[in-house]
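Step one of this worksheet: look at the structure below.
Which chain is which? They are A, B, C, D, E and F, in the order written, and residues in each are numbered from 1.
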């Protein structure tokens, strides 16, 4: 692990927050896409 | 069994009596149609019987919580679907089969449509379907068939007929023919509060110091 | 073949279907490599290890602005040529832009704590970003509030146009407002040119990565919106039947 | 009763239902004040508690007319009045729904806005606590004001006018708690008063509101 | 056009029309802020220009939804759209009516509220001037927001959310004029900017608002 | 003289076609009554002809500013009096004799009453009186007689008759009989946009990618 010095919390917090936000966005994007695709496929199969 | 008795009722609107001396009673299985020209006071009378405003004179004898009122506005939430709207009223009035009510008013196909996306007649049908889940013996209806097409009017007449057959009663103000042969018709015109006479005095405040 | 053919949803779906895996791969590689590389760079002599934040902060800030510009272009295309895909692309871009703005704001705030001794300062640049964030929120709220999709596209398009003008105006107003009042803590320390190579290349890579990430997410989200539209249309058709 | 609560919450989260808009308004207000007042910490910090409380109050205020007005317009209110629910209960439930959709998000989001207005860190918990205690009273008083103005076209501003004076005690004690918290002063007294006000309001105002509603439905 | 203006003004002065409520709200706000912030002159005076401008802006904001919502509800808007008036003109007239009933009273009453908030005397003329210049822009931008949200149920808070960011430049320059006026600093630049914004807004926004209205009437 | 021509018109509501292939023309002195069950698309069609929404397909040929539209909502301001409401619309539409219009709809006695204090039928009469001051040749009416009593319906039929006699035209959607023997009736039911076929495709957006 590299040494972040006295600003460790700052840097890690910044990376952590960004990561969480991006992960959230990606997850939301993928999940919504999968949901829409499934709904549409199911609909086209049934009707 | 008598469900509703109205004796010598006078109602006022905007501080002025509209009709007075109205009396009738409604038994289980009966329907009474109130007629009268525009502006006579039918809406005022019905609101008074529904308990939304106090009578200016006379008595209304009715059991508590035995009445379902359908006014001109349907009480629909345009953001909720048809089924959600009905569900809500069913739960508020404690019971009632939503699916059956929707079927009775031919709304099943629209059950998942937001109420805001209905046509005028479809909204009205939904407003009337609410009566079926309210499970109240007395229906008080103010021009219920406004905007309905002929088929829907007939369907609704059937619904009222069923309600009467099950021991309900209906009090209806309308200008057009509902196709309810079993209903009595009462013309309210003779009960118009006469201006000039003492009886047409402004209601309340010691009869405006009469 | 004209670019407008991609306004045909079927065509758009087909083309993006093929391109997406590559795009996602490239975005992932650039993002990960850029950010990790940035994370491993040596400390700055003045800002210590906090300089590593720049590899998230600057790309996010850059994308935050560019995404709004892209939305403006897409809205104009919709308003002028009425291509539905472009309206849906504008809709799909907004949440990405909002998140980017949020990242820039959050990393900036966290960075500000050690550098300026405060989480938040009404510095013109930060303020402009806050305003931009408000515009994103309003834009998305309007999309979700209007039921009819075409009306929603029209209304948000008009809002985007007017909003862009006012976002620019706000930027100048804010600069004017905070002129001379500010404590001078706005550390636009190193401009890109003076930034040493150690930082420059990973920064460029991270920027590219964020851009590709945006593209990939944009395509996926646009596809989602297209599918939703189709499903809604089919359901409506059945309901009428 | 629960049906009513669920319906109101559902309506709030539907498209255009306004959930979260209270917070958004609060955010915008916190962002606007510095534009008006100027960006320095020295000017902002001392007024922050007051501004935050005034902001929360206004955010509440803006959504008040929705408590009854929409139901009145589409006739639901007439129907609710003839339904087998006590009107007092319906009023309380509607105020609760308003609090959940407006007050609660404000409480949760308050620290962020504190940051924007340079509120000192040690005041944050007190800000949150005072809002959590005070906002239910705001919703309930607002429901009362909404009940009084419901029949009137354009009750909007009249509503604000009626309700704002009622909000003053809550505002004073709430802001005082936060200010004392920022200075590290003792906060027991205003806290007690605030809690007392909220309790009293929640217990008694539904009666007054239901009475006002009945008059307006006539 | 004039018929429309007269009707709107007449409606505003009728019972429940809301004329003067803007001022009343402004008054209450000016009265509330000292409760929240504390009464000392030293705390109040520096923030007074900002608070006054934010207050004026909120008073404007609260009455915005009335610009089109009522006309939409009762069907007048559909009829106006089929009438031989250009819709742009109707929008501008309605914004003007809003300004006359809300902005103008604020401008006239502002010195009183300045007193309440301990605004230094020499800033008064500048406060009035900046409000007189800025409030027309607020009304016009508000009409735009109202046009965008008119079809939507509960557009109220969404309207605020959309309009407030648009108000920021006006607010900044307006408050800056007053603040500089209080300090005796030169005010030419912000005055010019403010006038420019107002002119631009009044000239161009009716087009955007009419377009939004047409979409919402569909 | 032909005032209005509609050719192969299709209209859509909520992204879905409601009626299509509708065509008719309206000459001076003619009235056309549109009929069809609830939810068919009559209101949508009329709004489209009134220029409030764009057609999904087809053509509408009409002179600009030659049409007065009366929708379900009457566009009344409840705080203004009957006369003030009328005055406003008269001035907006440039002319029209307010007193004569009020007399035609039997509203003189109510001229100084606030519109909010009218009964349902009186409001409707006021909404219809507006047509008389609009001075437009083509009247487009959506269920104009809702809430009207029999006498008022007859009176309104007379008003329409006069309008036609003076070279006007009327396009009316209604479910009930208006007592206008001279009017043609067109049933819109055959024009319902058929589901399943290509023509029932969702309107716009590349036909939902058909």
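In this section, contacts are C-beta pairs under 8 Å (C-beta built on N, C-alpha and C of every residue); 3 or more make two chains touch, one makes a residue touch a chain.
On a predicted model such as this, the values are computed, not experimentally measured, just so you know.
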{"item": "Chains touching both chain D and chain F, listed by label", "value": "B, C, E"}
{"item": "Which of B-D and C-D has more C-beta contact pairs", "value": "B-D"}
{"item": "CA centroid of chain D to CA centroid of chain E, Å", "value": "24"}
{"item": "Distance between chain centroids, defined by C-alpha means - chain C, chain E (Å)", "value": "32"}
{"item": "Rounded Å distance, chain A centre to chain C centre (Cα mean)", "value": "15"}
{"item": "Centre distance in Å when chain E and chain F are each reduced to the mean of their C-alpha atoms", "value": "37"}
{"item": "Of all residues in chain A, the ones touching two or more other chains", "value": "none"}
{"item": "Per-residue overlap in chain C, given as positions that touch at least 2 other chains", "value": "131, 134, 137, 141, 145-148, 174, 177, 230, 234, 238"}
{"item": "In chain E, residues with contacts to at least two other chains", "value": "16-17, 73, 152-153, 155, 158, 161, 164-165, 168, 172, 218"}
{"item": "List of chain C residues in touch with chain F within their complex", "value": "8-10, 84, 148-150, 226, 229-230, 232-234, 236-238, 240-241"}
{"item": "Partner chain C, residues of chain F touching it in the complex", "value": "14-16, 18, 193, 195-196, 200-202, 204-206, 208-209"}
{"item": "List of chain C residues in touch with chain A within their complex", "value": "35, 39-40, 43, 48-50, 52-53, 56-57, 60, 95-96, 99, 102-103, 106-107, 110-111, 113-114, 213, 217, 220-221, 223-224, 227-228, 230-231, 234-235, 238"}
{"item": "Footprint of chain F on chain B - complex, ascending", "value": "13-14, 36-41, 43, 72, 117-122, 125, 143, 146-152, 175-176"}
{"item": "Contact footprint of chain E on chain F as seen in their complex", "value": "47, 50-54, 65, 67-69, 71-80, 84, 87-89, 91-94, 130"}
